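So, here come the structures, one by one.
Each of the two complexes below includes subunit A, the first together with subunit B, the second together with subunit C.
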Partner chain A sequence: MADQAGASNAAPSPRTAVVIGGNRIPFARAGGAYAYSSNKDMLIAALDGLVARFGLQGERIGEVAAGAVLKHSRDFNLTREAVLGSALSAATPAYDLQQACATGLETVVGLSNKIRLGQIESGIAGGVDSASDAPIAVSEGLRRVLLDLSRARTTQQKIKALGKLRPKDLAPNAPTTGEPRTGLSMGEHQALTTAAWKISREAQDELAYLSHRNLAAAYERGFFSDLMTPYRGLTRDANLRADTSLEKLATLKPVFGKSLDTTATMTAGNSTPLTDGAAVVLLGSEEYATANNLPMLANIVDAEASAVDFVHGEEGLLMAAVHGMPRLLARNGLTFDDFDFFEIHEAFAGTVLSALAAWEDEDYCKRVLGLDGALGSIDRSKLNVNGSSLAAGHPFAATGGRIVASLAKTLSEKGGRGLISICAAGGQGVIAILEARK
Partner chain B sequence: MNGTAADDVTLPEAPELPTLYRSALTLAVQRRAGRGDVPTRLPAARHRVDRVAVDLGALTRFQQLLGSPVRDQLPSAYIHTIAFPVAMSVLARTDFPLPLLGMVHLRNEVHQVRQVGFHEKLDVVAFAENLRAHPAGMQADLVTQVDIDGEQVWTGRSVYLARGVRIGPAMGERHDEDRPPFVAPAPTGVWRLDRGVGRRYAAVSGDWNPIHLSGPTAKALGMRGAIAHGMYLAARMVDQAVPAPSGALQWRVDFAAPVLLPGTVTTSFTRVASGIDSGADSGARVDVVGWSAKRKRPHFTGSVRAG
Partner chain C sequence: MADSYLNLVNTPLPAKIAKALGLPRPSVLRRYTPGEALAVNPVLVAGSGPGADALADVLLGWDVEVRRHVLPGEKLSAAVVVLDRAASPADLAAPMLELGQAVRLLVPGGRVMGVFRSPADTTDPAEAAARQGVDGAIRSVAHELRGGATANGIVLRGSTTTTDATALGALRFFLSGKSAYVDGQFIEVSSAPVESISGLAASTAATGEGVADQPLAGRTAVVTGAARGIGAKIAEVLARDGARVVVVDVPAAGEQLAQVANRVGGTALQVDITTADAATRILDHVRQRYGTLDIVVHNAGITRDKLLANMDASRWDSVMAVNIASQLRMNEHFLASPVFSGTGRIISLASTSGIAGNRGQSNYAASKAGVIGMVRAQAAAFDGGGRTINAVAPGFIETDMTAKIPPLTRQVARRLSSLQQGGLPVDVAETIAFLASDSAAGINGQVLRVCGQNLVGA
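So, the complex of A and B:
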């Protein structure tokens, strides 16, 4: 009963969902320019910039979907609260979504499907994350005591509840990037995959170098002028090192995989840093864009979410998109050669390079993916042409919006077809196809 | 052959483990002082406690400590926990030849026929068999059977070693160089165990063996420091290998170097194709290794199979 959507059972799409534009705030390093901005603050900043760019003041949008990975429980209605704090009409509904680092892309997928079905005409998708303003929880022991205390009726019951409190319960719990089921951090997981695919330090540093170079070049030619709104004094991603070099990257000490038998290759330079930021994308039907005299940058063609079992040693944590890719391509009758741009999220340089190696490996593609041969190679000159997360930073839920807006603009300028791949915690991944307007 | 119904000793309720440990201590002191004969055979008696009820609060605390879902069905290792005091009462008998305190848990094997709900009443029978020599002393099997309404649903066999004890002809000394060197598999996870995990597991399992509680109490019994309960490691292993068992479950764990607390156990969970007898219903087997990455030696190896 494996789920396998194919060309034969895909419902005919009555409408097209298009990317109209996007807006984000520059990404800051954790503890930097946005240290005192909350998720809601940053999401409102990104929304307000989008509203200003496309004249949406007081407009009722069909629906806004966004999310944050590190979210305080008081922000249960984060996106709706951000809408109420923005210049959009208060009659704009909103919902929160969370799929780890794939959150932003999944909001684009969900809202574009609503548009294609005719349930809404317009939508704003996106995400936000703050590693600086992270929620801190009380310890499990204190939490249980407080809950028991709130339920206690008599003084005796209250004393009994308080009596269970231990001094160590008073230490707070900060969120971690550890996988609950394995106890390994994301970097430690990727180190296992990087080692298994024998990805060299040099190859990882080169990918990081190209990310910085491409992002810097995109800024130089003004690519982000209509994709970004300055915030809190930042006008560029704070993590960007335009002057970095392979030599500088080579001097950094490894930070992940140090306890493995193989040489540790992952450094702070070829891994994404903790970052704060927000990104949103304006989506609509062709009719909506035409009626409101708005641009249409690209069509959203198709998408697929996938997951793998990383708990029982079957696959690496961040390799799920590798498994979804052949299904998505087959359903659309496409191969890698049919694409002009590839946006593979750089959680770590090793993540991108492991995926590329897997798709090129005939034995792996046959044995693990069940294909007839290797899925294919990706032309590196088409990969992350405007830089990606290693240079820009990666505020988890904001990355999808950043990538969709950048790719849609690239397609509107250069034409062709683009592929997005984003890996996520929990062994998940979301991939999507965008296409230039004919 | 041990364990026939004719030798059954029916206890009114499951004994308290601390009481058993205290009487074992008294017995050990008496034997060391040369008082009381040390028997040379295992007792034939089977100890049984009928219609043991599960305390829902205790089950919840056990599940939460393991990080497993708070389900209405019992974790397989929790059935061991419920039956454990009955098994211990066999080891604490004055006619049991090996000293209870300081015995080393070598292996555990469980065959479970079906999943068990918390509302079911468990009939527990425990007996010892297979007293035999081990290169480091004497070993014996402790067998625990759990029936529900006359249906045998769970059988556990624990192998214990009494170091330095000799009954009958000695076995040849085993030398470490005979053992193949440990080769660590590719890790898939890590368990970080803090200093208090022994006390917390004691609280949810009732196993207050001093070797798990603190450095001083463990050192008093010849350990280098407090060590994690073997069944804590086994329970986590089973839960992680098959997170949602729906029918039969077989598992086995072989303990090697104890896990000193606090400590880090690197783990490897590998799903392997099951044997030729695997039908459509039986899941794959998951092989598990837990080891110390620092000392490069295994803490345990095991396997779990659903179906």
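So, the complex of A and C:
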């Protein structure tokens, strides 16, 4: 069993949970190739591709966990419905999870913990999101009227209920990325943080450029041939611009932070677009992988969710992972120098660069994070080596699965240790450590 | 693309009209369904001598009613003419005339089989004339048969007996619905070394028991170009026969490939076979998941048709790269790997275009003729060992590829065979599954056409 040297408590050593492989469909820009695909359609496609890759037809998996951020109320059992529509055994249980953009990574954490505890032998974690097929709700006024109407028994009561209807109630509510407690969109929140950390337009564009370049190179060498299954005619992430350049990125007009005192720096090029897609990851115990002749790409070592108070302006909306990081590293006796690959989700280029700046800032680390000094700096050549969300796109709940599968494959090829950081709405973040098999 | 003419002439009134006008009247072919009876009606075994007698005994053991002579008016499922002792052309008369009587009594979808020795194995001119004569006679019978019946031959090499395991395996294949679109073909059979037949099948092949249901149980097969068409059907038939199937196709075809894998309970491997590491990726996958690679079906192929005068380098090069260069390179890796079984089978897709040539297909014909050359040379190297390599050459098969042929040309192409119709992907797949089985252990270096005895390149 797993060597847990150094663990001094008396609790039995948990087992090791491994990443066996992954599958995702190429990510499409909203309104693009998957404009008429539902979350369920895409999640089934991702599951079926995984089943095909590993020959899991009719197999009962310990549990499937997935979720979507933009979710129809009818999809209350989205993941279970997707399992029933897939080639997996109908005896495979499933649950939905939602933690905004950290949904996908959190499903990996949850299922890997069940595997470590011996509650399940195998699991499929993932997520899906459609910005195209987003739910549109009726107004709060119309909703109340309709509910009253359904409860009305007499004609008089029905007329009375309908009488409360006002013309403005007829306008539907489209979903927004606005934070309920601040009214600011995610981009506007990040613009505040980007400005606070004085992240330059050039630095953001460069990160975006590298994301596209690295993702294009990964496709070029066939990196995704066993991580992706085409869907609806799309064979590559539609957002990828292999021929983009710093010059082209520099021509884009800012879209966020235009009302701030500082120069607006965030453009459509260095922010992620609304995207459709799905990604899943096959997890298992070492015993399961061995018994079924399945590969073991990487071990899932540890993870932590964190949150910050962004409502009162004490911290940026997308800075929670910055706070969790020193705790996760300390618990595992690691520093940034012990990692070979960093996967920091590029919600916005400014998000990644603000986090890097914060960890390098001695004053901030002492004052805000309560450390003795700067947490450290990250070698940029180890960052998002196969591209990230700025190039691939970001179907919210699918991003975790994309990152975990890609990082695990990278670790199986190159060895070493990898760190994942994903920020999420509501001032949250989830971070995780993966390690190559010895 | 459905053959609507075939469907039409198999309804009462149009059938009469077609007959009156002398139009082609293709039949709905008898195709294999699991559990089918090999022969519902009696089977004639014509010819004399120990070889014919022994073969008749084996057929009895297969629960087939056997006749040694035609009974007036009794319908026959098949007529097997055994001529293994023919020493001069004069020896053909009696058995062939008996066969002539039998042909009149064949049920729709009936079978004519010639079993004889190879003219290449004798130096006696009269004996060689007799043997070669059978070839000509059976081909002609194939042209004459109607009602979806076919005529084919089993050519015994060296001292191979009529009841050799492979000879019987071939006989079962031809008698069954699996050979529906194989017509006017001759398959050379040698005695397989016993060690080349793995598992229990060796003992049961002689009796035909046990091998019928899952002849490929426990085998691992790789099928390239498996996302659609003939490749997808090959995967299905191999899986039906018990094989674990790894379906391979280019990443861009991954969506359909996954569907095929999930349909056959196999695994999908997105690999471009023209890349240098294709064989390594296939071998790594098979080693990880299954341990041993038993069957390789080189099915992936493309066409980039142009008259040679208008041919450009990209059309020529891409066809050669996919259709033959990739196979040569992958075979080299497979044969050097301990993962490839000592009783491994390689089956490569050729084409009638590679045999007869075809206007506008100089590149394609070069690649497919190249496959035949490769198979024969590799077979010589395999000779006497446990491995075999063979080619299957489809004629006009109803696929997305042939659906692109202009309608009139397509109608004509369909009628240009003795069976007066195009074949189905399953016809090619059944032939490949047979060649992959233990029953075909003594078949090596053959090019088996699945063409309905197409007039082209006969």
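Heads up, the rule we're going with is that the second predicted complex is superposed on the first by the 425 of 438 C-alpha atoms of A that agree within 3 Å, B and C clash if a C-alpha of one lies under 4 Å from a C-alpha of the other, contacts with A are read in each partner's own complex, and residues count from 1 in each chain.
In this section, a contact is a pair of C-beta atoms (placed from the backbone, for glycine too) under 8 Å apart; a residue touches a chain by one contact, two chains touch by 3 or more.
Not measured: the values here are computed from a predicted model.
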Both complexes share subunit A, so when I overlay them there, do subunit B and subunit C fit or clash? fit
With the two structures laid over each other on chain A, which partner does A:137 touch: subunit B (first), subunit C (second), both, or neither? neither
On the A-aligned overlay, A:330 touches which partner chain: subunit B = first, subunit C = second, or both, or neither? neither
Contacts for A:252 in the overlay, against subunit B (first) and subunit C (second): which applies, first, second, both or neither? neither
Considering only the touch criterion stated at the top, classify A:295 as touching first (subunit B), second (subunit C), both, or neither. second
Quick check for you: in the superposed arrangement, does A:230 touch first (subunit B), second (subunit C), both or neither? second
Hey, is it subunit B or subunit C that touches more of subunit A? C
Is A:84 touching anything from subunit B or subunit C once the two structures are fitted on A? First, second, both or neither. neither
Identify the partner contact of A:48: answer first if only subunit B is touched, second if only subunit C is, both if each is, neither if none is. second
Rounded to the nearest 10, the angle in degrees at the CA centre of subunit A toward subunit B and subunit C equals 150
For A:222, select first, second, both or neither according to whether it touches subunit B, subunit C, the two together, or no partner. second
Can you work out, in whole Å, how close the C-alpha atoms of subunit B and subunit C get once everything is superposed? 45
For a test of understanding, state which residues of subunit B touch subunit A in their complex under the given definition. 67, 184, 186-192, 240-241, 266-271, 286, 293
Could you pull out which subunit A residues touch subunit B in their complex? 179-184, 188, 192, 196, 259-261, 309-314
Once bound in the complex, which stretches of subunit C touch subunit A? 244, 251-255, 257-259, 261-262, 265-272, 275, 288-291
In the complex of these two chains, what residues of subunit A are touching subunit C? 45, 48-49, 51-55, 57-58, 87, 222, 224-226, 228-232, 235, 293-295
